[in-house]
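Structure, as structure tokens:
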Amino acid sequence: MSTRDIVFIALFAALMAVLGTFPALQVPLINVPITAQSLGVMLAGGILGARRGTLAILLFIVIVLAGLPLLSGGRGGLAVLAGPTVGFFLGWLPAAFVTGALTERFMPKLNFVTAFLAAVAGGIAVLYACGIPGISLVTGTPLLTAAKGSLAFIPGDLVKAGLAAAIIVTVSKAYPLIETRTARRAG
Amino acid sequence: MIADLYRPGASRLHRAPAGAKLAGLAAIGTGLFMVPSLPLSCAAFAAALGAIAAAGLGWRFAARSLRAALPVVLLVAAVQAWFAGWHEAALYGVRLAALLLLAGLVTATTRPSAIAETIAWLLQPLRIIGVDPTRVGLAFGLAVRFVPVLASVAADIREAQAARGLDRSVFALAVPLTLRTLRMADEIAEAIDARS
Amino acid sequence: MIELSGVALDRAGRRVLSALDLRLTERRIGVVGANGSGKSSFVRLLNGLLKPSEGAVRVFGIETAADPKAARRAVGFLFQNPDHQIVYPGVAEDLAFGLKNRDLPKREIGPRVEAALARFGLAGFGERLVHELSGGERQLVALAGIMVLEPRLLVLDEPTTLLDLRNTRRVMAAVDAADTPVVMVTHDLALLEGFDRVLVFEAGRLVCDAPPTDALDAYRRIAGA
Amino acid sequence: MIELSGVALDRAGRRVLSALDLRLTERRIGVVGANGSGKSSFVRLLNGLLKPSEGAVRVFGIETAADPKAARRAVGFLFQNPDHQIVYPGVAEDLAFGLKNRDLPKREIGPRVEAALARFGLAGFGERLVHELSGGERQLVALAGIMVLEPRLLVLDEPTTLLDLRNTRRVMAAVDAADTPVVMVTHDLALLEGFDRVLVFEAGRLVCDAPPTDALDAYRRIAGA
């Protein structure tokens, strides 16, 4: 991995931290916040690609677990692993990976629709599949209740996916990180 | 607020080894969950306030950390009050507040480069699967350094756009922010290579 | 055109500008001073990006604190780094962006964008990508993006620092050709030749207000050169 | 000290430098030219950040393509924007960064950092946070971070563009005091007074190589001034 990759990874981990300072809304039933950080997960995958995007999230997760208070509301430390958000928190990894992998697949012809699909597949489908079982595992809430409670995230996450798609498409035109990589590999 | 994750100083806490501070934080966190006792959590909370004073960070620091965390703490307490009663509510609320203060304290008194070294040291075993721990440490230090940079670049851009008659558009903020910081990252990578 | 009466400004609890009483009516006004002396803060008062902590700033009779939106419409602002100002990757779409914010009907936008590009020597650049342009071309795009909004006053905060001789000259020629009055902050004293009036700031105070030669002498003296 | 033989450089499939044959032995060497003419690419060849597509670059006898690590150790590189080269948020820890990369024993690092800070008028800044310093102070920190590594040659790519008169002078004084030879890219022609030799680039070619007065005349002519 080049120094450049490392800097990009650190940059998106920092972006996650900044997004954590936006005010977050706690969803009562399941005690998981609506947060801007899920937007960061989609962007990491969609802009950096699967490998670097996942590593950026991994770096952020390690930093949080090491104790830095970077989750919304200033939370951090190992206690996160015992909280109701643990499924989402760890699910950010496969979420970024899937968004990144799909974006790479669509790459030379990426457009708003395909970018949106990639963001939804990773940042909603895969993420909720990790997050909902997490809630019921930690709190003992029945799966169905956890799923119902998580419906509250859907509108926000759709907006974030739309926003992420627009940003990913625009950035990929102006500063094509993923394309350069595949082009280099081919050439 | 996030710009001062780390506050320089010369207190004993500042000088204590990063590894010890992180281990202490992890131990206290785990301990408070394994022994769910209200007096113990209150003691931890008081100790955290005392340590903040001893580190010379002042009551403003404590107030700011708590204010940021207050909504979460109150909500966690309220949920517990509803389902499990007042005692549990107090336990959950105080314990969370104590841990948040301690986490903020460790971060504020530990140089990013020291945390980076500790993480690099912890990851030594991963060498066998091809991970270079010093690179991970570097990534860590850079991430902490980028947080205030991102915040100030975002402020510059927001200002430039307000001047163009645009008050609130996340898209219009995010695109230049991403482009500018990606370009910056490219140059930083060069600068790091030039110094290694 | 610009009137400051009894203006002081605090930022983050510190006084960064104090005791400003000024009436500016000249066509070309320069602003110089050390890093941190308050130049950027001063020009940001002019379009309501910052509000005075004391006193009042009036631009064409608009009090900026009372109606910052109107002030921003009246004042076009160009920053040091064009990358901050340019939102879209395509040149034409970026110029159109500002006009859309003003709720202009669609059929008027195209022609106005074309006209602005032509005026800044950027005809044919409409479909180019901004990131493939040179620094000077980017700064011209940013300038066009502001002038297309037809401001009544142009404010420039160090617009040429990233540019070479040729590009600096291109941007300055475009600025010269503007028929609006101009207020320009710069560290490049040579650019202020031919200006009508130069303000020198030091530690938040206006320490000299004179024609270029005198003002620049004063500035050089303060800087110890 | 520096030797280029038959050097050409392609970037992204385009030739950005061609036909360079040079021997540089002077103590103070300036590099000027338009935006995009290849100045930054040229100086990046000197420490192996870029490798020539044709020919060879030798610095103190080290061939940069063959041993870029040794080339980087010999050459200290200062960039335009200090924010892009300071790795850690604290001044002292940033200076220590390069030394740690060189595997210096811990007890030697502290004193060397202190000495470097003192040399650049930054004594007492060790515990300050970089993002709270002024632009000029930041650039001095960046310079100290490079000089602490004791390079044999100092390469500067537009180190003063973001600075005012006073800060520019501080940085240039620090550069002047360096006993290593210096190669400096700049758009500020006044800074090249007293240099031994100036290279003018245009469209990837070296079009003039002369003492400052002649070279700057040539550059001004090319720029059409």
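Note that the chains take the letters A, B, C and D in the order they are written out, and that residue 1 is the start of every chain.
Definition applied: a contact is a pair of C-beta atoms (placed from the backbone, for glycine too) under 8 Å apart; a residue touches a chain by one contact, two chains touch by 3 or more.
It should be emphasised that the depicted structure is a prediction, and the values quoted were computed from it without experimental measurement.
Colleague: Looking only at C-beta pairs that count as contacts, which pair of chains has more of them, A-C or B-C?
Modeller: Output for the comparison: B-C.
Colleague: So the centre of each chain is just the mean of its C-alpha atoms; given that, what is the distance between chain A and chain D in Å?
Modeller: Distance between chain centres, rounded to whole Å: 39 Å.
Colleague: Report the inter-centroid distance (CA atoms only) between chain B and chain D in whole Å.
Modeller: Once rounded, the distance between the two centres reads 35 Å.
Colleague: Tell me, which residues of chain A touch at least two other chains?
Modeller: Answer for chain A, listing residues that touch two or more other chains: 170, 174-175.
Colleague: Do you know which chain D residues sit against two or more other chains?
Modeller: There are none in chain D.
Colleague: Could you tell me which residues belong to chain B and also touch two or more other chains?
Modeller: Correct list: 138, 141-142, 144-145, 149, 175, 179, 183, 188, 192-193, 196.
Colleague: Where do chains touch, given as pairs?
Modeller: A-B, A-C, B-C, B-D, C-D
Colleague: In their complex, what parts of chain B are in touch with chain C?
Modeller: 156-157, 159-166, 172, 175-176, 179-180, 183
Colleague: Residues of chain D touching chain B in their complex?
Modeller: Interface residues on chain D, with respect to chain B: 44, 47, 49, 72, 75-77, 79, 81, 83-90, 93, 96-98, 101, 127-129, 131, 145-146, 149.
Colleague: Name, in rising order, each residue of chain D that touches chain C in their complex.
Modeller: Those residues of chain D that touch chain C are 33-36, 134-136, 161-167, 169, 187, 219-220, 223-225.
Colleague: Residues of chain A touching chain B in their complex?
Modeller: These residues of chain A touch chain B: 1-4, 6-11, 13-15, 17-18, 21, 26, 28, 31, 33, 43, 47, 59-60, 62-63, 66-69, 72-79, 82, 163, 166-167, 170-171, 174-175, 177.
Colleague: Quick one: in the complex, what on chain B touches chain A?
Modeller: 1-2, 5, 22, 25-26, 29-30, 33, 65, 68-69, 71-72, 75-76, 79, 96, 99-100, 102-104, 106-107, 115, 119, 135-136, 138-147, 149-151, 154, 170-171, 174-175, 178-179, 181-183, 185-186, 188-189, 192-193, 196
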